[in-house]
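Below are structures written as structure tokens.
Here subunit A shows up in two complexes: once beside subunit B, once beside subunit C.
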Partner chain A sequence: MADPAALPRRILKEAQRLRLEPIPGIAVEVSETNLRHFLCVVDGPEGTAYEGGKFKLELFLPAEYPMAPPEVFFRTKIYHPNTDKLGRICLDVLKDKWSPALQIRTILLSVQALMSAPNPDDPLRENVAEHWKTDERGALAVAREWTQKYAM
Partner chain B sequence: MFGGGGEDVVVPRAFKLLKELEKGEKGGAGLPPYLSYGLADADDDDDLTHWTGTILGPAGTTLDMRVLELSIECGERYPERPPEMRFRTRVNLPFVRNDGRIDLAALGVAQAWRRNNSIEDALNAVYHAIARPEVRRLAQPPEGARFD
Partner chain C sequence: MTKKSGTAPHLRLPSFDAFASSLDAMTVEALGDDAYYASWFDDSDDAENDDDYVTNADDADDADDGFPDLGLREGLPSETCSASRNSVYVVYEPGDDIKGRRELINRACGVLGTSERDSEALLHFHAWNLEDAVTSWFENERKAREACGLSDPDAQTSEGGMATTTCNICFDDFEPSELVTAGCSHAFCTGCWAGYIASKIGEGLSVVDTRCPMTKCPIKVGEAMMRRFLNEDDAKKFDVYLGRSFVESNVKIQPCTGIDCERSIVFENLPTNPVAVNCTCGKVFCFSCGGDTHHPIPCKVASEWTKKITLDGANSEWMLVNTKPCPKCQRPILKNGGCMHMQCSQCHTSFCWLCSSPWDAGPYACSKRCNQYKRTESNSNENRKKRARESLERYVFYYERYRAHENSGKKALEDVDKFKSSALGFLIELQRTSETQVGFVMKALKQVSSSRQILKWTYAYAYFELADDVRKKNFFEHVQGEMERALELISRMIELDIKAFLPPDPDTEDDEKVALEKAMAYRYPPEEQDKLEKAFEQYKTLLIDRTAVLRKSCDTLCIELENGLLGMSTPIKGSQQDA
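Entry: the complex of A and B
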């Protein structure tokens, strides 16, 4: 079912490197049944409202990869203006800023960076972004609450 | 594919459903004008299981221009298995049971289903089945009647 020999070499190499040189604060596991499907856990960055939380993400490499970007979404509920309630993520490198020179590794690091630097000016969830802009302390408090409730 | 060695790329359930959702969300661009679908409750559906759909009754049938509401359930085994569908709007159709459930086997959908088929395909099959010669003239309940 999951035959590594059938996979493009690039994907094999990326997966191998992720295994041999793990990204600090990010665990990546390849699905047993689908070698293009990765189950990831990103630690909430220190000093943010997500600190202490473990955020699950799923990542999939479509047939067009690396000409097309990986697809990624949060499996864990997160209060963040650049995600929507289904966990979809608004991130330039997952869209028009994608380049085949980027990798799974860079994408996951970008997601982690996005957690450290929410950008309410380019929101996916208007009401959350509005919360951020009008009452950042309140928004961060809710984000912390969600981290405790859903990510711990 | 180059260097792909005949790899059969399998899109995992959630990614496939998110793609389908995106297509349904774009105000139906890319969808036939007579059908629509979306998540029933995006706030409370982590697993992308519960969907709703509408079909506009085909011209030349006794359901012509009626908006027919359906609920659609994409279970854990979707897309290996087709979604379960039921009409909310009351209809009189040979492949629809007393409680609104659609018999996908009677439509041939269950047998022909492949994992790259979609909610759109399933709705389309229902739409076309309504227009079948032996079905199109069947007397229908008054407009507005519902199964639930």
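Entry: the complex of A and C
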């Protein structure tokens, strides 16, 4: 943990590795103006209502990173019970399950996994979660519709 | 830390022989429990342990029961009633919690032969219950370790062969000797450890359960390791969190409920019955429910009653008027003493404050034995209105008695202070004696105050618990009646009879200062001195006896209540006798 003003070696190394060994289905680009700011595009997982969509995410590393988790937001509208209108994501590894041994790579994979397996029992948007629980087929249809409308 | 306990003089008085056998049996049982724990845990480290617990050097241990006698404290049943004799507790001053925690860790190390680190994790997991920790450890050490976040001791030895030289947090490379683990295989550099632990301090109380930074690794970071990486400020915060977590999770410790008080009450052995505790700040409360003390009745009954009287408070106000008309001449009589014996200042009729029936001079009690609630006869076609009135009457009956004892109890508490501040000094001077020679009056006053507190709650108990069981109710009323009679006998002695040995009441014209000067200058007439000293000796003997009787009947009542009135199988002999 060197001089906090300078960018920690860890962040540089993570960015470097993301460039050298890209994550399949996820594109990551460092912002030119702020090296703690990452712009990502996650492909909708195959066999889900998000298939074929390209979902933009914004990822920001706070000053305390990696002791504090990154902040991650959807920047593409998505019909999903664990996200809200502002693009915030309800995901344990972004909160109490965060560990400094986790990385940007693992977080993005977790987000992709959440798209494959929505969890309506721990919702961020009550009405969407309710839709999922009472009429999953209907909910998936709306999710597909939104994918076509906003993510393609 | 101040160690406290109830004292238990074993008194045997003629009128209570009826209950002696059942009482003794219970006493043996209760003490048997203690003996069991003592042989289990305390033997090994008795000496150091006891020293740690009692740091107050003044607490010279001069009582027969092995506990230091701190003297009686106002309004605290556990010290004027033997029923709670096993409740030995200490008061933690702020900061003592962390010492108590350390002491418990040391005890676990002694019993289990484990390292401090292991003991700490184990105790933390078992909410600081040493018995549970020990049991789980001896049952299955491997499982116990796993549960509380300790690594397998066999796996731990492989530290030399650590493959990684990269810190998993900063991704820098290090010599294996520069990397540190929490006891698992996950190595991080010291800089990252410091950053990680500092961030955990920022998260608050959960810092006491910090785990290895590796994702999903369950291994707990030991206290020594935490301290190694904490700066001075954070180390202070860490101590506060450790202390708070220790107090909050440990059922043998309760924070004081007094306003702004940061002390805690700590038991070595958890009391089985709700027990009143007294913090050094003066707050007396029930250790079990945190509410105001309600010894000897269960927390649930006490809270139900409190709820009821709060709800019915407005309706009940009319009963709280502090005067009653004299049953003979109708002159309103103000009740100002704690004694239930009222005497009209105009016609000198003696009557009972509670039921207005004549007062018996012989056994010194209400001639109607009015502590016994009698249901009014009701015919078969009673209507709802009548039942409602009856139920109100029943409630009023118990409420009136509850309030009467409550108010008299408060008065008795004031009397303790008043006695301490003036009468005590006069008595020493006039009787040409020493403070220890008049201490018995103080003891009697305190016994009265705490007995009233106990009696007050017994009426709440009777209201809820004894409505349907006539046998239990009769037995209860008998025991309660014995206690009330014993109490009234003393009440009279310390309120009225004692006046014979004190300066005369001040003239109404005198202001406070003049009255005090007159009282201080007062001496017995020389020809009376011998007589009054002899009379005082007799008074002393009688009051000590009666205090003992009250204490014993208080014990009987409390033990009976705590045991669900099982003693009623013992035949009641000589129930109308008096000491």
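Assorted remarks:
To be clear about the criterion, the second predicted complex is superposed on the first by the 147 of 152 C-alpha atoms of A that agree within 3 Å, B and C clash if a C-alpha of one lies under 4 Å from a C-alpha of the other, contacts with A are read in each partner's own complex, and residues count from 1 in each chain.
Keep this in mind: contacts are C-beta pairs under 8 Å (C-beta built on N, C-alpha and C of every residue); 3 or more make two chains touch, one makes a residue touch a chain.
No experiment lies behind these values; they were computed from the predicted model shown.
In the superposed model, A:Phe73 lies in contact with subunit B only, and not with subunit C.
Contact with subunit B, but none with subunit C, is seen for A:Phe60 once the two complexes are overlaid on the shared chain.
When the two complexes are overlaid on their common chain A, residue A:His37 makes contact with subunit B while staying clear of subunit C. In the overlay built on the shared chain, the residue A:Ala101 is in contact with subunit C alone; subunit B does not reach it. After overlaying the two complexes on the shared chain, residue contacts for A:Arg9 are found with subunit B and with subunit C alike. Shared-chain residue A:Lys85: touches subunit B; no touch with subunit C.
Common to the subunit B and subunit C contact sets on subunit A are residues 8-9.
Residues 168-172, 186, 191-192, 194-196, 198-199, 213-216 of subunit C touch subunit A in their complex.
Those residues of subunit B that touch subunit A in the shared complex are 1, 3-12, 14-15, 18, 21, 39, 42-43, 46, 48.
Touching subunit B in their complex are the following residues of subunit A: 3, 5-9, 31, 34, 36-37, 58, 60, 62-63, 71, 73, 77, 85-86, 88.
Subunit A contributes residues 1, 8-10, 13-14, 64, 66-68, 93, 97, 99-102, 106 to its touches with subunit C in the complex.
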